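Shared between the two complexes below is subunit A, which has subunit B as its partner in the first and subunit C in the second.
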Partner chain A sequence: GPNCDLVNFSEYISKNLALYELSNDGMKLSTHAQANFCRGELAKALRKGPFQVNVILGGYDENVPNGGSLYIMDYLGSCHKVNYGAQGYASNFTLSIMDRDWEEGMNEEQAVKIVEHCIRELNMRFLLNQSNFIIKVVDKDGVRTVKADSDPSDN
Partner chain B sequence: MARRYDSSTTTFSPEGRLHQVEYAIEAINNAGTSVGILAKDGVVMASEKKVTSGLLAPARTSEKTYKLCPHATCTVAGLTADANILIDQARLRAGRYAYQYQEPIPIENLVEHVCNYKQAYTQYGGLRPFGVAFLFAGYDIHHGFQLYQSDPSGNYSGWKATVIGANNQAGKSLLKTEYGSSSSSGDEMKTDEDPAKEEIEMPTTAEALRLAVKVLNKTMDGAAASPEKLELFAMTLDEDGNCVHKILNAKEVEAVIAEVESETATAGDT
Partner chain C sequence: LCVGVSSCHRHRHRHIHHNFLRVSKKPQHKGNYHSTLLLPTAPLSPHNSPPTQTHRKQYYHNRKMSILEYNGAAVIAMAGKDCVGIASDNRLGIQYQTVAMDFKKVFKMNDTLFVGLAGLATDVQTLDQLLRFRMNLYELREERTMTPQVFTNLLSNILYEKRFGPYFAEPVVAGLDEKGSPYLATMDLIGAIETTKDFVVSGTCDGNLYGMCETLYKPDLGKEELFETLAQALLASVDRDALSGWGGVVHIITKEGVMSRELKGRQD
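== the complex of A and B ==
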């Protein structure tokens, strides 16, 4: 979404989640709880001053089968657990790729390949494409960047 | 000499005490006893029902044990009217958390919320504190089964076994010796070992129920235990991992009382 709402909303959510950890003796909220909290805030704001932000939230929990879970939310406050997702114009191009390529039980390497396939497609077919992408992975060791193209603002 | 400083909750005495809070805690020492015991596979809470009149209509709901949410229950010692307000608060909090996070509230979170609410009445507004002590029993995936005690000051702590209400000191001293020693090791002589070396073995829910009845026998001062005077509660998990809240019916209470009686009768036999 627009950068103003994006920054405001995502910082609001992430700082509240950090506050939860501090107030609860280091206990972290599960991905499911975080997603529902996030969606609740979008829903609350909807009939006051909506955040024009769509969210894809991914997290790792030990007690979840296979560990990872992915949630997709939009600015109207919908929330759904998914195996893959996309927001923005990209979704028109990439959802069909992921429909085809995604399989149950893939490892990280295979998943990153699908993401790269999506990026290649966008570079080729999407007229308004900005070609710089960041690919991140979330697993038991936390969040890390797998690939980061240069930031256009650095030029 | 404390008199001048004890009528307002929100004023410290020169010795640094809040007398109103202390008096509230005193009020609970006249209330029906409640004992809570943490077991391997659950939590047990036993309460003394103070029957004040034979003319009272038989209560359909308990005056001691209250369910707060699918995975937490509490027992009360003190002013029932005060307790009702706090129980409403606890239920609201549990419900709102579940709405916000779509997950069951961690027990300590719930207890802390109720206690923060109580604390406000010791610091603001010139209102008297709540004359209630609670035992909270609950289960969450983070810490398993837990037992908490809270008092009018808004203080709370987690316990393996504890007693609130009348004669709680006698109850606690009994728990100190008996909790953690299973019936098989109960015949051994207790030597002055280093307490750190002594391993506390948590009782099963059945053992905990018997121990709870033993404690109430002691605190109820020799009055004969019976299902009319005792309320036994046990929280366990079923095969699907859901909490089961059970207030034992009269027959089941009779059975536990009978088991305790035969245990104490044969105690000391070699």
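== the complex of A and C ==
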């Protein structure tokens, strides 16, 4: 979405999640809970002053089968757990690629391969030339950048 | 019957159907909620007039879409002999693009009460959460389970509270009352209740659903026959609607319990 809402909303959510941990004796929220919190904020703001942000939220929890879970939300506040997702113009090109390539029980390397496939497709077919993409991975050790064609400190 | 529809006749076909139904005279949805839905970055305006045409339009999108048709849904409920069935499709879309194929619109409130919510997905989810909250509160205070009639009235109240800025969802309530007899009810987006003895429908293809139910329904169907009827009615209806489909789910509620089955239909 527009950068103003993007920065404002994502900081609002991440700081509130940090606050929860501080206020509740170190209890961490699961990815599902975080996604629902995010959805609730979007839904609340919708009829006041909507955040024009479409979210893809992914996280790792130990007690979840397969560990990772991905949630996709649109700016109206509809949230859904998915195996793969895309927002914006990218979705028109990449959802079909992921429909084809995604399999149950892939490892990190295969997943990153699919993301790279999507990026290649965009570079070929999308009219805007956006050659710099950042790929990040979330696992039990946290978030790390796997590939960055641009400067990660920009984000 | 066609007053107020002439400017947007193409997509208001489904509301013209309402005026001929024996079940109820559902209020015509005002032009307020028919807006040209814009690219993902533009907000929807639930109040007043639709956004002006100076906004960018999606290049392939030249048809005015109601907010109730943004995500796509199909929900049916039918009564049988000492049982009720409720079914929904699985599609979650953003206008013409499909985002998920496992988004169910029927929610279990308790063992004998299900509610199906068709409409804008965010409001469907908000209402599901609100209803469970209010129902749990009721059961804590009253120390008894909520009957379907009370639930329907609660839902109607929640919807009418937002009369001038409503939840864009049209619910369907299906349950067994205390005596075990089937209870069906439907509402429009502002909570006008209609209870029926045979079937209730809601969603983007409600015209199709009414037709199929009217044709296939017979009173006093058994569990298995009711399942078959619901499944056929749902699948045939969503096949003629671009915005709903991708299979479905059917729940048959009886005194003994709930039987849930997934439907595999055309995956398009």
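The rule is simple: the second predicted complex is superposed on the first by the 149 of 155 C-alpha atoms of A that agree within 3 Å, B and C clash if a C-alpha of one lies under 4 Å from a C-alpha of the other, contacts with A are read in each partner's own complex, and residues count from 1 in each chain.
Definition applied: a residue touches a chain if its C-beta (ideal position, glycine included) is under 8 Å from a C-beta of that chain, and two chains touch if they have at least 3 such contacts.
None of these values were measured; they are calculated from a predicted model.
S.K.: Should the superposition on subunit A be reported as showing a clash between subunit B and subunit C, or a fit?
M.R.: fit
S.K.: Hey, is it subunit B or subunit C that touches more of subunit A?
M.R.: C
S.K.: In the superposed arrangement, does A:2 touch subunit B (first), subunit C (second), both or neither?
M.R.: Once the two structures are laid over each other on A, A:2 reaches subunit C alone.
S.K.: Quick check on the superposed pair: does A:50 touch subunit B, subunit C, both, or neither? Answer first, second, both or neither.
M.R.: Only subunit C is touched by A:50; subunit B is not.
S.K.: Name the contact category of A:77: first (subunit B only), second (subunit C only), both, or neither.
M.R.: A:77 sits against subunit C, while subunit B stays out of touch.
S.K.: Just to be sure I read the superposition right, which of the two partners does A:32 touch: subunit B = first, subunit C = second, or both, or neither?
M.R.: first
S.K.: What is the contact status of A:67 with respect to subunit B (first) and subunit C (second): first, second, both, or neither?
M.R.: Once the two structures are laid over each other on A, A:67 reaches no partner at all.
S.K.: How far apart, in whole Å, are the nearest Cα atoms of subunit B and subunit C in the superposition?
M.R.: For subunit B and subunit C in the superposition, the minimum C-alpha gap reads 6 Å.
S.K.: Please report the subunit A residues shared by its interface with subunit B and its interface with subunit C.
M.R.: Comparing the two interfaces on subunit A, one with subunit B and one with subunit C, no residues are shared.
S.K.: Over in the complex, which subunit A residues touch subunit B? Could you list them?
M.R.: These residues of subunit A touch subunit B: 24-25, 27, 29-30, 32-33, 36-37, 40, 63.
S.K.: In the complex formed with subunit C, which residues of subunit A make contact?
M.R.: Residues 1-2, 39, 42-43, 46-47, 50, 52, 54, 72, 74-80, 82, 85, 87-88, 91-92, 95 of subunit A touch subunit C in their complex.
S.K.: Could you list, by residue number, the parts of subunit C that touch subunit A in their complex?
M.R.: 40-44, 46, 70-71, 92, 94, 97, 99-100, 103, 120-122, 124-126, 165
S.K.: Could you list, by residue number, the parts of subunit B that touch subunit A in their complex?
M.R.: Where subunit B meets subunit A, its residues are 99-103, 106, 108-109, 141-142.
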